[in-house]
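Okay, so chain A shows up in both of these, paired with chain B first and chain C after.
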Partner chain A sequence: MVAARLRLTRTQRRTITFYLFISPWLLGFILLTIIPLIVGFLISLTNYEGLSVINLHFVGTDNYVRAFNSDADARFSLGRTLMWGVYNLPAWLILSFVMALILNQNIKGHGFFRTLYYLTSVVPIVAAITAWKVILDKNFGWLNGFLSIFRPGTAIGWLSDYALQGMTMIAVWTGLGAGMVIFLAGLQNIPDELVEAARIDGANSWQVFRYVTLPLMTPIIFLQLILGLIGVFRQLDLPLVLTQVGLARGAVPPRQIYLYMMHVYRQIFISNRWGYAFSLIWLLFIGVAILTLVVFYTEKYWVYTERPEEGS
Partner chain B sequence: MSTKKISRRNFIKLAGTVAGGAVLAGCAKTAVETPVATQAAVATQKPIQTQAPTKGPQGNVVVFHDVKELTPEMITQFESEHPGITIEFIDRTEPARLNAMIAAGTPPDLIRVQAPAIPGYLARGLIKDLTPYFEASSVLKLDDLMPANNYYKAESPTKIGTGKIYGMVKDFSPDFTVFAYKKAFEDAGLPTPDPSKTPTYAELAELAKSVAKIEGDRVLMWGYGYEDGWIDRIWMNALAELGQSLYSDDFSKVIISGNDETRKLAQYYYDLAKENLAVNPVNPSPNGWAGGDFTAGILAMMQYGFWFSAMAETDATRGQVVMLPAPTWAGQRRDPTMTATGMVMAEKSQNPDAAWIVFEWFNGEQPALDRAASGWGVPGLKSMLELVPQETDFQKQCFEALKNELALETPPLQFNPYLGETEFTNSWKTQLEQALRGTITFDQMLTNIENDVNTAIADNKAVIEG
Partner chain C sequence: MNYPTRARLIKQFNHVISYVLLIGVGLIVITPLFAMVTTSIKQMSEYMVWPIKIFPTTAQWSNFAAVFEMAPYIRVALRTAGLGLLVTFIVTFSSSMIGYAFARYPVRGSKPLFFLVIGLMIIPYIVVLIPQYILYSRLHLTNTYWPWIFNALVGNPLYIFLFRQVFLTFPRELEDAAEVDGCGPFRIYSQIFLPNAKPVIATVMIFAFGAVWGDYMMPLILLNDDKTLLSVKIATSYSNPQGVWLITIAMAANIIYMMPLILVFFLAQKYIIKGVVTSGLKG
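Take a look at the complex of A and B:
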């Protein structure tokens, strides 16, 4: 055994060491991602209902056909998810970037404010939503109570009539800190000499931002965009917690925030259509993968990268 | 050696079962009976258990239940009183784990359920006939069982109420009684409804209109509350007054638009929502549920069972609550329980004899006595009824009202074995919101609910019947 080990070349030993180091992650990835994906795909080809396998049947692509042909709610929830993305993603990206720009200034107490704004991301989502519900409730919420001082009887349904906008507000508020920190890290990596050079060349603040800061931040924006995009399609906890006391009592979210993952959740936990739900998840997986590839394709048109020049 | 070829269908079934089972089993703890030696080792932590008993059922019993109803302290107490039997607790907030365990063939031995789930479990062959255990028990005597336990008796999935016994209620309530908040009536200049008179649903709606307080668009006092997660059960009971059912005889269809009485019921609840007399999807409860609105003093009437008396009086409502009889829809007094929360044993229980010991203890011994004395429901055994608290005036009034409701001995509602517990209400709320917003008509709402529910029935029926 020792002799065999001695016969290994340095490269071989390094290779083995490399694989030993990554093996915990690799094992986890295979066991917790790859295998569930495969099992999920197999289940999506069956009528599995989550309780019994006695009458489990292979149904081929029936579940996938159903998603396209006869499930209006699946299409509706996809539409709502896209709308959620339209509202949430730009708002979150822009606001957290602007916040990072502000807190990147050398102002007094900037450390305190950075911590303060990041706190929104530390608050547990359930607690945050509960607090927001107290503020935004239609009849007894603080906001409508305040507005009723000026217009008695004001009852704006922030979480029902304007559920999508209300949820966006909560999501941006809770996600602002995390987004800001990443942008801030990016901003602090911009070399001072580039900004100073631009200043010497006569650039004003807007021009420094437009021609120096923004281009150098595009890799971070790209990363945030990809992560945010995936997050949009995976969103479940916000509508779930906003939905009264949860689905256990048969509660349903307002139609405006009936997102795709809510529809999937409903198929599994309300309707026991596990096979069908897995087909919806796989369709989502494929859709998000395609969308991500499209965004990656656009990278070369707008993301600044420092690549070695040819021939160098 | 057999040369029989496996069909594609069987291969997929086998592969799916093996793969699914393997993965799902990973989520589930294996409910293998613990050897006595292991029990003895565990028992060394407690002086009383230094020697493993040699008689009686022993081993590990996996219980899927509510942590507030089966607490760690209770489990410790049980284990000290029953050396050789351990309880492995799984919180019911993990329904996916329950599903995984059932699918993997290692279900919990004892499962907390509500009555609407019983027909579906029976249809899938998931629960064990406990008749022999009941017949032999000196703790849970058949003639001591409250009629609400009939939800756990069945001749078939579509015939509940008589036959073999598959479980029993932990406690229950006749669920259609109404709690009235006196102050809301006083503020509206109205007398509080007389608890000795049975109201009709129509009268309650009129009262709700009179007592509700709406300022501009804001609702400051809701008129009437009901558990909208149980809307189908409420309709089923109202229809039963007329000898009608929400479903076809074979439970393969829900009948809404084709039955004038069901349409009237839908209209009744639609109007309550439209007029903002009851919380609804467009104007949701500020407290997450109507019961919370009542205890906050912003709801005049709440339709809940006797169990609600344990929490109806809060700082906001103390001394201001009265319990009314269940209203009638068509003049026929009925007041069944519609949840009948209880316990069943899995057909594939790994350790049924030990599980029965736990079952008996939980439903007929100290935990049952404690529950009865807590006032959070009517005990499942007649012999424990008098333990229900009757100290305060409110408790005495509620107990008197309760006795009148129990005297009705309303037979159980027959739930649909092909329908999930909240499938109907999910569709109702989804469609109701759209109807209230005017994106669909009332008739379209009914049609959509029928379509949703019938699709779900067809899906489940296909799975159950193969």
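Take a look at the complex of A and C:
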């Protein structure tokens, strides 16, 4: 042992220790991420149906061509996903940012409100959706009941014809706490001196917000936007649980919330079109990667970065 | 402070608006939870009425008894809790070890690998889960709990990140002194660093348990009904023989189901929020 140690330099020893420590992750990365990704890609080039490999053969890019040319449902589900992003992302970002701004003032009871808003984030998805079924039900829902006060006889299908809007409410409800807490922490990192200085220079509240707070918050907004965007495209839990709670595995989802991943899920578990489903997954993966890069590219135009080296 | 009257008025106006918004949003946030409670003590006939009745005429506490009669609730809950605890311990151990290595061993390759860890958070999990499902079914590991164990052993990017952030702040002398005393790397990690990271350990354990307890996708895809976990069980039980879903009893079941998480939240709020903040700000 001592002899073995003597032959290695300290750096080499430390390198070995490092790799030993992270070996579980490294192994898992190769076995549970890289290999499944490659297997998934290979399957996307075949007509694999998940049952037997007897009829398995290589079909080249057929699956990809089909996704583009002859699958109206795929195009439809992509459209729904984009609409989902249009509803969900701004609603969630703006509401959590506004609530964080309000709580960041030295307001009485802010601890209480923070706890209240965060509470919903720990509610498991099945419980959240069951609860919202009571609110959003078309015939006996509380929301329609409330709206009927103003317009008697309101019967909006928040879980059918307007399911995307209904689902947005659920998503904002569950996501508000986490979003707000992150914005709040960012706001508290803004040095008081900057706000003071702006005030002394005669800036009003709006100007302080517009020229001090907002620019300094852009890195956090940027991060939340990226994570939110990825979340939009990979969203499967919400529409799936909304479809299945109280019903069955094979229940048909409302068309309004037939998101892209729902389409993929049904290709695999309902239609057994594995090969095709994996081509859809890879297309999504590439699409999201490109979109993320595009957003990253816009970073330099609107995200504030500190440049301590640059003097005046 | 002597504000000019106009400025003071604006300030007061601002204050009023703030409270109106806070309370308004607060009411919206609390309403579904409140609806859960009142629905859970209604009869189905009181749920299905128009105009809606918020409160039942008499509280139907028997709904809570029905939760346990209509489904093997306790058995599935114990199974879920057992798996949750096992996963929690394993993933906390592995993530802390990996996080420790990334924080204290800045050797060649550590930086790019760390970016890889974080970058993996961006890959939608489902993209990996479905191919994993094929591998697991070829290895005859579907309908077992091994996939949970494997995923735990590998560590979780978010938890690795949280541990790394904390271990980065520890002073160098701590290691040096231990090394002089002849401690090996694993002992330095387990006996010096780990005991000083209790708040992160608490945070990660809460997250990890909540993740297993609340997860719907893995049990749905990997387990059959005889082995399934509480989330799927609750979502698919509580229909009457005619196939009508009894939302009142399902609601009672959901209240019992989320209670442990709510209790932990009130006890350990500080840690949870700190964890979310760390992951959000520097991720």
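Here is the rule we use: the second predicted complex is superposed on the first by the 264 of 312 C-alpha atoms of A that agree within 3 Å, B and C clash if a C-alpha of one lies under 4 Å from a C-alpha of the other, contacts with A are read in each partner's own complex, and residues count from 1 in each chain.
To be clear about the criterion, contacts are C-beta pairs under 8 Å (C-beta built on N, C-alpha and C of every residue); 3 or more make two chains touch, one makes a residue touch a chain.
Values in this document were obtained by computation on a predicted structure and should not be read as measured data.
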* For A:G157, select first, second, both or neither according to whether it touches chain B, chain C, the two together, or no partner. => first
* Considering only the touch criterion stated at the top, classify A:V252 as touching first (chain B), second (chain C), both, or neither. => first
* Taking the superposition as given, does A:F140 touch the first partner, chain B, the second, chain C, both, or neither? -> both
* To do: Based on the superposed arrangement, let me know which partner A:D237 touches: chain B (first), chain C (second), both, or neither?
  => second
* Looking at the overlay, does A:V39 come into contact with chain B only (first), chain C only (second), both, or neither? -> both
* To do: For A:N47, decide between first (touching chain B), second (touching chain C), both and neither.
  => first
* To do: Tell me which partner A:A277 touches in the superposition: chain B (first), chain C (second), both or neither.
  => second
* To do: For A:Q105, select first, second, both or neither according to whether it touches chain B, chain C, the two together, or no partner.
  => second
* Regarding the shared-chain residue A:N55, is it in contact with chain B (first), chain C (second), both, or neither? -> first
* Per-residue contact with chain A, leading partner among chain C and chain B -> C
* **Overlapping contact positions on chain A, where the chain C interface meets the chain B interface** => 35-36, 39, 43, 50, 133, 139-141, 148, 244-245, 247-249, 268-269
* chain C residues within the chain A interface of the complex -> 10, 14-15, 18-19, 21-22, 25-26, 28-33, 35-36, 39, 47-52, 54, 94, 97-98, 100-102, 105, 107-110, 113, 116-117, 120, 122-128, 130-132, 134-135, 150-151, 153-155, 160, 185, 189, 210, 213-214, 216-217, 220-221, 231, 234-236, 238-239, 245, 247, 250-251, 254-255, 257-258, 261-262, 264-265, 269, 272-273, 276-277, 280-281, 283
* To do: Name, in rising order, each residue of chain A that touches chain C in their complex.
  => 11, 14-15, 17-19, 21-22, 24-29, 32-33, 35-37, 39-40, 43, 50, 95, 98-99, 102-103, 105, 107, 109, 113-128, 130-135, 139-142, 145, 148, 173, 176, 178, 181-182, 185-186, 189, 205, 220, 223-224, 227, 230, 233-234, 236-237, 240-241, 244-249, 261, 264, 268-269, 274, 277-278, 281, 284-285, 288, 292
* Sort out for me which residues of chain A touch chain B in the complex. => 35-36, 38-39, 42-43, 45-58, 133, 137-141, 144, 148, 151-155, 157, 159-161, 244-245, 247-252, 254-255, 258, 266, 268-273
* Can you list the chain B residues touching chain A in their complex? -> 8-9, 12-13, 15-17, 19-21, 23, 95-96, 99, 102-103, 124-126, 215-220, 227-230, 281-286, 288-289, 298, 420-426, 429-430, 433-434, 437, 456, 459-460, 462-466
